[in-house]
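Next come two complexes built around chain A: one with chain B, the other with chain C.
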Partner chain A sequence: MMTTEEQTLNEILTLAAQHFKVSRDKLRPDEDFFKTLNIDSLQALDLLTRLENHFHVEMPDYELQGVTDFRTLASRIQARL
Partner chain B sequence: MLDLRQYPSLGAALRDALEHWPNETCLIEADRDKEKTRLTYSDFKELARPLTRALQDADFREGDRAAIIMSNQSKWLVSAYAVFFCGGVLVPLDFKLTAAEHLQLLAHSKAKFLIVEYYLWRAIMQSPEFKKHGVKTVLVTEAPLRADLGGAYRWEDFHRKGDPIFIDRQREDVACIVYSSGTGGSPKGCVLTHENYLEQCTSLTAWYPFWPGVRYLSILPTNHAIDFMVGFIGPFVCGACVVHLRTLRPEYVRDAFVRYRISYMSLVPMVLKNLERGLRAKFDELPSRKRFMLNRLIALNKMLTRRRPNVKLSRRLLGQVHKAFGGQLLALFTGGAFMEPSTLQFFYDLGIPVANGYGLTEAGTALTLNDFKPFRADTVGRPLPGVELRVLSPDSEGVGEVAVHSKTVMSHYLDDPELTAETIVDGWLLTGDLGRFDSTGHLQLFGRKKNMIVTEGGKNIYPEDIETVFDGVSVKEYCVFAANYVWPLKQLGNELLFIVLRLETNQQFDAALLEDLTTRNRRLPDFKRVGGYLVWPKDFPRTASLKIKRATLAEEIGKTTDRAAIIQL
Partner chain C sequence: MDQFRGKALSWEVSAGVIELALHREPCNEIGSLALHELEKFADALSGMARQAHALIVHSTLKAGFCAGADLRELYQRSHEMEKAQAVAGVRDFLERIHRVLNTIDGAPLTTIAAVHGVTFGGGFELALVCDLIIADKMARFCFPELRLGLIPGFGGIPRLKRDLGNGVVRDLLLTGRSFNATRAHAVGLVSQLVAEGEALRAARATAVQLGKFDRRTAIAAKKFIKPIPHHELKQEIDLFCQLFVEPAVEAGLRKFVESTELQPYLP
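Coming up: the complex of A and B.
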């Protein structure tokens, strides 16, 4: 069955919460995750690797360029599913 | 190493390097854990030959400008070599800029040729300003088979048979135009000569030599001044090897150290901190007895290397740590942004020296560097050979503006004689950075006179460059400042941009305004965003031509308000 973008987003939020050891409730789809999680771009790339493994996709680093919220990230991943 | 004193140009030195070490590996390109390219100097020459000939056949001539917009990869170096071989001027642009910014800098530099990666070219083609680009010939790398290239050529097919003709240049001729900032206002294009680079390379390699067999891991983009010198020119004129890694993902960076037995690497503070975080996490996972032993060994290493590094000894004492870095690492280089002394010390105590330096685009790559005689985490090292530094108008603590006189100082700012005259006075480049020398001749930096920040990723951000994103915000007027410019700290770090807002009469700062500011701020790349705002109760001081008097406003804010008044955005 095709995964919807909303499902992808939810899975990303859960994985991000696990990865950065924060409560899932703290993460909002449209908020700036650099600010919410207090992370830098290398830590965001680390998360991307985890997401790639989970969704079985491969994304070049530049796909994350300019992405600051989980919803946009979900749409980039969804496009490759 | 080639004797660079005998060379008039980068093109001549690089050409001879390819002849001198034909069988040595000069370039490896890896993407994650896959090796994509491995070239000897002879292979490199063969790869560059048809491209160079095709450039000449396409009327690329002596003094013509060619821009490169590419991430970290081997085609960057091959293309740059071809440009120098033709006697051209290289315009290395930061690939992380937006398409609109790329177009602005292409227009400003008057580049005749452009060599660009496909995904970046696609963004440029979609820009509303695209039709104005003015570049005569565009070469696009790695484009998919049936991609619309908008009239550009495929780099991989841009070949012509026959030998190209080498066009030499003189030392005083322009080699590169490098933009230090200014995409929002007037671009600051630093015009650097062949002499600037040849002298810089000579002084850097005097302290940190390369030789055949040495491998340099390149993760910074080659448009970055540090990587251009120590990830291209330096290794090539010494017969060494550059390993390009096309990802910044920490796990693959760590893997590359081991896989390619890396000798040197340059990095920005963000990457070094990431490595530190990874190591500390590993140390914390150790059982208490092993952790105790490790701490004892670190303490012993620290004691034995107090006066100078001894990498061989450290490798024996802390074998597991060094194994994780490939076992061949000689030093890491960092510069361009503030580096926490504690992080530098952390690595030094493990026997991994981090040569912390100081430089600016206007003066080539580096002006000072830590020479480890002894290691000083609290300074940016001593002036490199051939570099004269002065502290102008020092205060009671010896702190003043750092000025430099060196053959590495740029010729001028492109098309900006006024700014050039303000910046280079009687042969001395005024850096705008505040520093002092200690009794041992090490330079300590204490902030800057300039309204700008340097990010942990090593990028200079000027408020004027990001203000346009707030154009139209519903306030009477606004202005962006670097907090350390308004409230000088007398130390580096703690960098923050903030926006000062003057509201309309009777206007309240409400949720709609906050939302508007937040939305606009997020249109900027994360490293360019403002971190907070300040509502200012008075009209901004302005010149007769209605420009904001930034310095006056900053002084007034600094005198009457505390930095803590900035509200996080």
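Coming up: the complex of A and C.
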């Protein structure tokens, strides 16, 4: 069954909350995840690798240049599922 | 010297295995201090190789194996000098690091890079001198140098071309994108893909296996299959120095060093 973009978004939020040890309820789809998660670019790469492993996709990191919110991130991943 | 504890790295020999640990925050950037200690290691290696059959290179830092050259030091030093003097300094640095990496590349023992996390630029090139790369699934490999107007300078292109197809080199080099460990394993760069945090354990297990073989045969096999591309390595240094004087390099380095952006590691 095809995963919807909303399901992808939910999985990203859950994974980010678990890994960066923040409450899932505090994460909002349109928020800046660098600020919400308090992460730098190295940690963003770590998140990217976790997402690639979780969704079994390969995401060239230049596609994430300028992406700062979970919803856009979800759409980028969805495009490669 | 069978044991050393430095500021950037440490090593020790135990049960026929040399373990070289990188441990300089933030992510084992290779500047003059790391180079000096790597030279000490290269000098000690032939002595240690008489009592060892394997070398494992790994990082004790959470961020990763190695983020590459120390760009802040490179920028600051080259900024304080005249152009010609800066290029001479860069050439000297490259020739010294090449001597170290060539020594590890051709060392008469089997070498393993146990990598995790960021394995970028010079860090990737350090892993590439090893005979085997064992990666945990969180490792990422990248040649980000084109973002700075440069090419990899620590021997990365000739060694990756030696080990893999030219197409993989072009993909990494010309896009500046990073590969995750799964992709690196699929293209043959990584010999073993293991769970997060398991690379060093897997490397140690492999080192035990390597100890079962006749030493002279293992050395002969390595020498036969793994020639050092000396001519291309020299060409790489020349091209790097040629590019280093271009305005794009100063602009690229300044952008990286002075950046307050949250994404300097993203292309």
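Going forward, the second predicted complex is superposed on the first by the 81 of 81 C-alpha atoms of A that agree within 3 Å, B and C clash if a C-alpha of one lies under 4 Å from a C-alpha of the other, contacts with A are read in each partner's own complex, and residues count from 1 in each chain.
Note that a contact is a pair of C-beta atoms (placed from the backbone, for glycine too) under 8 Å apart; a residue touches a chain by one contact, two chains touch by 3 or more.
Note that the structure is predicted; figures quoted are calculated from it, not measured.
With both structures placed on the common chain, the touch criterion links A:S41 to chain B and to chain C. In the superposed model, A:E6 lies in contact with neither chain B nor chain C. In the superposition on chain A, contact is made by A:N53 with chain C only, not with chain B. After overlaying the two complexes on the shared chain, residue contacts for A:Q65 are found with chain B and with chain C alike. Shared contact residues on chain A (touching chain B in one structure, chain C in the other): 34, 40-42, 45-46, 49, 60-62, 65.
The touching residues of chain B, counted against chain A in their complex, run 71, 96, 119, 246-251, 270-271, 273-274, 456-457, 522, 525-527. The part of chain A that touches chain C in the complex is made up of residues 34, 39-42, 44-46, 49-50, 52-53, 58, 60-62, 64-65. By the touch criterion given at the top, residues 27, 63-64, 67, 117-118, 137-140, 142, 175-178, 180-183, 261-267 of chain C touch chain A in their complex. Interface residues of chain A, counted against chain B in their complex, comprise 32, 34, 40-43, 45-46, 48-49, 60-62, 65-66, 68-69.
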